[in-house]
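Here subunit A shows up in two complexes: once beside subunit B, once beside subunit C.
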Partner chain A sequence: MKAKKKINWNYFLIAPSLLISIAIILVPGIMTFVFSFTDWNGLSPNINFVGLKNFAEIFQDKVFYRAITNNVIWVIMFLTIPVCIGMLAACLLLNRKKTRSIYQVAFLIPYILAPAVNAMLWLNVIFSPIAGLFAALRNFGINLSSPLSNVKTAIYACAGVDIWHYWSYLSVIYLAALRQVPTDQVEAARIDGCSSPQLFRYIYLPNIKSTVTLMFVMITIGSFLAFDYIKLLTGGGPAHATEVLGTYAYNLAFSQMKVGKAAAAGLFISFFGLIASAVYTKLSKSEEME
Partner chain B sequence: MAATSKKNRIITGLLTHFVLILLAVICLAPILLVVTNSFKSNAEIVGSPLSLPTVLHFENYVQAWTTGKFGKGFLNSIKLTGCTILIVLICSTLAGYVLSGKRIKGSGAVLTYFMMAMTVPIQLFLFPLYFAYANLGLIGNIPATSLILAATYMPLAVFLMRTFFLSVPKELEEAARIDGANTSQVLWHVMRPVVSPGLVTVGILIGLQSWNEYLISSTFLQGEKNFTATLGFLSMNGSYGSNMGVLMAAAMVLIGPVIIFFLLMQKQFIDGMVSGAVKG
Partner chain C sequence: MKGKKLIATLLTASMLASAAAVPALADGDREDITMWFWGAEPYAQEALINLLVNPYNESQDQYNLVVEFRPSVDADIQTALAANEGPDIVYGSGPSFVMPLVEAGKLEPMDAYSEQYGWADKILTPYYESGTVNGTLYSLVNGVSTMGVFYNKKVLADNGWEVPTTIEELEAVMDAAMEKGLYASVTGNKGWQPVNENYGSLFLTHIAGPETMYKVLTGEESWENEAVIAAVTKSKEWWDKGYLAGSDYPNLNFSESLQLLSAEQSPFFIGPSIAYQWAASYFTGDIEENLGFIPFPATEQVPDTTYTLGAACTLSINANASQEHKDEAAKIIDMMMNAEFMQNMTAAWPGYWGTPLKDLSSVDTSEMPYLSQEFVKVVQSVSEAVNAGNFGYYDNVFFPSATQNRIVNIDEVWYDTVSVEDYVASIQAEFEVEFEKGLVPPIPQPAVAE
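Now for the complex of A and B:
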C-alpha cells in the first residue's frame, strides 16, 4: 500500500524543460499553422479565415521561387565546398600530431565569432570599395565592384562568407571521427602497400561514413534555415536576388505585416525541415542500435 | 631508395604545411586587417587599406567604446547569455537524468519530441511568439528573451546531458539507493560530480551560441537600452559608417574577448562541438 502512495519525482524533473519547450516552440508552432489560414496582420483584433489564399498567393509569387532556388544553390554549395575543404584539412591534420592543435585553433576563429561581426568584417574590410581589399586592388588598377551589389553574384558572395565561417567546424568533426578509426586496420593496410588515397577510400571513409552522413543531413537542414549572413550582408537584395525562404518569411511578417502569409511561408520551410529531421531521427536511431 | 623516400616525405610534408598555412591565412587575414585598421585614422584606411598603421590611434578604441555603448551592451550580453546558460543547464540536467533510463512512462515519446524540436526552423514559431510577447509587454525584456534562446538550445543540451548520464555506471545509483538515498540526493551527491565535466561542455557550447545569436535577439531586444554588444555594434555600422578606424576598433572590442576566451578554453570548446556530432 505504501508503495502506491510514493510519488514518481521524475515527472517533476522532466517538467521544466518540457514546459519551456512546449510554451515557446510547440504552442506558437501550432498557432503558426492556424494563422497560415488567416489574414492576420499582427495588430488588428479581427482575424478572418481565408482558407488557402495565403498559400495560393505565395505559390504565384516570383520572389518565393527565387528564394527556393537560392536555398537549393545554398544546399549544393554547402554540400560540396566546405565538405571538401574540411575533409582535406582533416586528412592533412591527421598525421601532424605536433602542429595539429595550432592549425585547428587558427581555422576555428572565424567559426567562434558572431555572424554579425563576421558579416560587418567582410563588408568593411574586404568588399568595401572605399576602405577594403577591393579599394586596395583598385589602387593596383584592378577594378572590381562588390559581388554583393551584383544581382548575379550576390548569392554566391553571401554563401562564400558563410562558408568561410563554417568549414572549420566540419573539419574538426571529420578529424575527430578520423582519429577514432582503429589503428590496426590502418597499419595492416599500410603493410599491404596501400597508397594514401587508397587508405582514405578503403579504410578511413567506410569507418567515418556515419559521421559524414550525419553532417550531410545537418548541412541540408541548416541550408534551408539560412538567414543570418544573408540578412546581414544584403538583407535579401539587390532586387530580391539573395532572398531565401528564411528572409522571405521574415520580411513578410515584419516589413509587410502580412503575418498570415509569413506563417504560410514559415510552414513551408518547416516542411523541408521536417523531411530532413525525419531522416536525421531515423539515422541517429539506427546508429544507436548498432 | 631510402634517400628518395626521405626526399618524398619532406616534399609531402612541405606541401601539407603549404596547404594548411594557406587555409589559415584565408581564415585569419580579414581579422588581421581589422586589427591593423583599428589603429589607423579614417584617411589612412581610405588611402591605403592594407598598410600597417604609422601612428597608433588608440583614441579609436575610446571613441568606439562610447559610441557603441559597449558598457551597457556587454552588461546586456552577459545577462542574456548568463540567463540562457542557467536555464538550459538546470532544465537539461534534470531532463537528461530522467531520459537516461526508463524512469517515466512515455520517455520514448519525449525523446522523439525533442529530436523534432531540435531541427524546427525558428520561423515556425517566431511570428506568433513575437506578437504574444508584444501583447505581454515583453519586447526588450532580456530574461524573457533568454527563455526563447533556452528553448531553442534545450533539445541539443538534453541529448548531450543524457549521453553523459548514460555513461554513469548503473551500480553507482543502485548502491546509493540501497543506502536509502532519495532522487535529489542521488542527483546532487552521486550524479553531479560525475557529470560536471558535461555541464562545462554544454555550458560553453550554449554560451557561445547565445553570445553570438542574431535572429532572435535582434527581433526581441528592441530599444537601444536593451541592445546586446553585438546589436550596439550593428547599429553603429548604420549610423557611424563614416569613420572606419572607429568601426574597426569597435569590431576588435567584440572580437577580442571571444578569441581570448576561446584560446583559454579551446579543449572544452572542441570537445563540446565534437560531442554533439561524433559518437564514441
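Now for the complex of A and C:
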C-alpha cells in the first residue's frame, strides 16, 4: 500500500513571488542578454544577429569610458561622503533620546521627496542664474558660474544633489543598528574609561559591521544604477560630462533607436552590480564562519 | 473578527460597485479616441482642450477625444507602440522620429485620407513630402518652426543699436552688449538637451548653405567637406565668445531666456519661432510690443532671406487602432490642418500652430493679440520663402535619428572634448549607415544660387 504523499505547502507559498521574479526580472534579463547581440531598434520586427558588434562599438566609444569613469566617481563619493555624514548624524542622535525622532523626520524630508521635485528645487533655487542662490551671489558682485555648466565639476554637482537627498536614509539605518548594540557592552566600556572615539571604534563599529557592509554593497549597486538625478539635472551633459551607464544606455535606446546596443550597455550595469553582490555574499560567508 | 469580515465585505462591495460604474462614467457610451501630447504650458493645454477637444466632442456623439499631456511623450510613444499599444493619434517630435516607426509598421499609411481631405493640395510641398516614406504619407507636420532672431526693441533703441541685417552687424551688437554687462543673447538647454540642435541646424543652413546641405543629405557629398566644417567651426567660435548665453547656457531654458529678454538683460534670443509660446508669458501689457523677430541675418554664403525648415511636431495614425478609430483620427488631424484652426489656436497659443498651408490668406489677424499677429507674419514669410526655394534643413525634420543625435551632441565640439574634424567624421559615419538603410526622409531641393 502506497503511503499518502504529503503536500509541500512551501512551493505554493513561494510561487507568487517566484512567478513575479521570473516574469519581471529573469525573462527581461534573458531578453536583454539576447538583444545585446542584435541590431534591434526597439520597434522593428526585423531583428538581425550581429554577434559581438555592439560590444566592439561600445568599447571603441569614448563616451562609454566616460560613463564608467563617472560611475566609479559616483561609487567613491557615495561610499565616503553620505556614509560619513550619516554615521556622524546617527552617533549624535544616539544620545538624544527625546528629540531624535524630530531630527530623523526633518533629515528624511529630502529622501521622501520625489527626485523630480528635488532636482527642480536645486535647479531653480540654487543653480538658476535668474532666481537662485547663484543669481543672489551675482547681485552681491560674486560672479560664480553654476557647477553644472562646467565639464570638470558637473558630475560632482549632480552627485552632491543626490547625496543631499540620500545621506539621511543611511543615517536612519545606522541609528537603528547602533540602537541594537548591547547596552551592557557600552556601559562596561564606559566604566573602563573608553573615550567616545574608542567607544565607537571598539564597541559600536564591530557590532554594526554587518549593517555597514550591507549598506556598502547596496550603495555600490545603487551607484551603478544612477540615472534619475543626472537625467533630471543635466541629461548627461554638458558634452557627456555627467554621462553614466544608465543615461548612456537610455540615450542609445530612446534617442538613437539602438536598443541592441543599449542592451549591451545595460549588461555592464548588471555586471558591476553582480560583482558587488558576489563580494557581499563572500563577506557574509566569512562572517558566518567567524 | 466579525468587524474585519464586515470591513472586507464592504471593501469588496465598493470595489465591485466602482468597477461596474466605470463604463457609466465614461461620457455615456462614447468610445475614447486618444492622443498623447507633450507637456505644454497650462495656458496652452487649455487652448488645445477648448479649440480642438471640445469642438470635436460636441460635433458628434459617438467618440470622445482624450488628450494626455506627457512630458516624456517621445519615449512613452516608442515604448507603447513597440508593445502594439499607444494612442490612436501618434505625436512625433519631427519627421525623423517617424521613420523608424514606419519601418516597424507601427504607423498607418495616410494616402487615402490625404486624397479624401486634399492634404497634398493644401500643405506646403516640402512639409508634406517630409512626412512621406517611399512616396507614402505617414505623418503631417502640425506647425512650422524656423530659427530666427528675437530681439528686444527697447534694448536696441536705448543703446542706439540697429536691427542687424548681416551676421557681422549681429556679432557687433552682441559684442557691445557683453561690454555693457548684458548677455550677448539668451538661450539654454536646461531640461532639454536637444536645444543644441537648433544651433547645429542654424549654422548648417547659414554657413554651410542649403545647396551644400542638399548634396550632403542626398548622399552626393560627404559631411566631411569644407562648408560643413566651417559651419561647425563658426558655432564653436560663437560658443567661445559667449554669444550663446555664455556659461549660463546649461542653466537656462527657453522660458527663462524669454524672461531675461523681456527684462532687458539681453538684446537677442536666437532660437526657434515656437518660442513665441514662452514669450507670451513675459511680453505682456506695456512691454508686449517690445518683442521683434527677424530671420537670421545675411551671411557671405547665404545672402538672401532663408529659413531653416523645422517642425513643431508631427501627427500620425496608430496602425494598431481599429478602422473606425483610424478614420476618426484622420478626421481630427484634418481639423488641425486648416487656416481657421491655425487662426484660433495662434490667437490663444502663439508660436506652435503655424500650420504649413500653401494659402494663409484667409487667416484674419485683426482680432489677434500682438504676439500672435507677429507669429502669423513669420509663418507667412516662411511660406513665401519655401515657395521661392529659400530654405535650409532643420535636423529633426530632415536628418535620420542617429545623425540627428550627433547634431544634438555638437556641444562636444563647444566644450573641446572632440575636434571639429572628428565630430564631422562621426556624423558622416552615422549618416552613411542610415543612408544605406533608407532612413533619410525625402529632401526637397532648394533654389540654386546664381
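The criterion applied here is as follows: the second predicted complex is superposed on the first by the 262 of 290 C-alpha atoms of A that agree within 3 Å, B and C clash if a C-alpha of one lies under 4 Å from a C-alpha of the other, contacts with A are read in each partner's own complex, and residues count from 1 in each chain.
We take it that a contact is a pair of C-beta atoms (placed from the backbone, for glycine too) under 8 Å apart; a residue touches a chain by one contact, two chains touch by 3 or more.
Fair warning: this is a prediction, and the values are worked out from it, not measured in the lab.
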Clash or fit: what happens to subunit B and subunit C when subunit A is overlaid? clash
By residue count, which of the two partners contacts subunit A more extensively, subunit B or subunit C? B
Regarding the shared-chain residue A:L214, is it in contact with subunit B (first), subunit C (second), both, or neither? first
Of the partners subunit B and subunit C, which touch A:A56 in the superposed model: first, second, both, neither? neither
Partner chain(s) touched by A:W164 [first = subunit B, second = subunit C, both, neither]: first
Between subunit B and subunit C, whom does A:Q256 touch in the aligned arrangement: first, second, both, or neither? second
Name the contact category of A:I130: first (subunit B only), second (subunit C only), both, or neither. both
Using the touch definition from the top, say if A:G236 reaches subunit B (first), subunit C (second), both or neither. second
Answer with first, second, both or neither: which of subunit B and subunit C does A:I76 touch in the superposed model? neither
Which of the two partners, first being subunit B and second being subunit C, lies in contact with A:A106: first, second, both, or neither? first
Per the contact definition in the header, classify A:G42: touching subunit B only (first), subunit C only (second), both, or neither. both
Going by the overlay, flag which of 26-34, 80-88 or 278-286 in subunit C ends up clashing with subunit B. 80-88
If you lay the two complexes on top of each other, which residues of subunit A touch subunit B in one and subunit C in the other? 42, 123, 130, 254
Can you list the subunit A residues touching subunit C in their complex? 41-46, 123, 127-130, 134, 145-146, 148-151, 154, 234-241, 251, 254-258
State the interface residues of subunit C toward subunit A in the complex, per the touch definition above. 74-75, 78, 81-82, 100-101, 103-106, 189-193, 247-252, 256, 259-260, 401-402, 405, 408-409, 411-412, 414-415, 417
So in the complex, the part of subunit A that touches subunit B is made up of which residues? 8-11, 13-14, 16-18, 20-21, 23-26, 28-29, 31-32, 35, 42, 85, 88-89, 92-93, 96, 99, 101, 103-110, 112-117, 120-126, 130-133, 135-136, 139, 164, 168-169, 172-173, 176-177, 180, 210-211, 214-215, 218, 221, 224-225, 227-228, 231-232, 245-246, 249-250, 253-254, 259, 262-263, 265-267, 269-270, 273-274, 276-277, 280-281, 284, 287
Taking the touch rule as given, give the residues of subunit B at its contact with subunit A in the complex, in rising order. 16-17, 19-20, 23-24, 26-28, 30-31, 33-34, 37, 45-46, 48-50, 87, 90-92, 94-95, 97-99, 103-104, 110, 112-132, 147-148, 150-152, 154-155, 158, 182-184, 208, 211-215, 219, 230-231, 233-234, 237, 244, 247-248, 251, 254-255, 258-259, 262-263, 266, 269-270, 273-274, 277-280
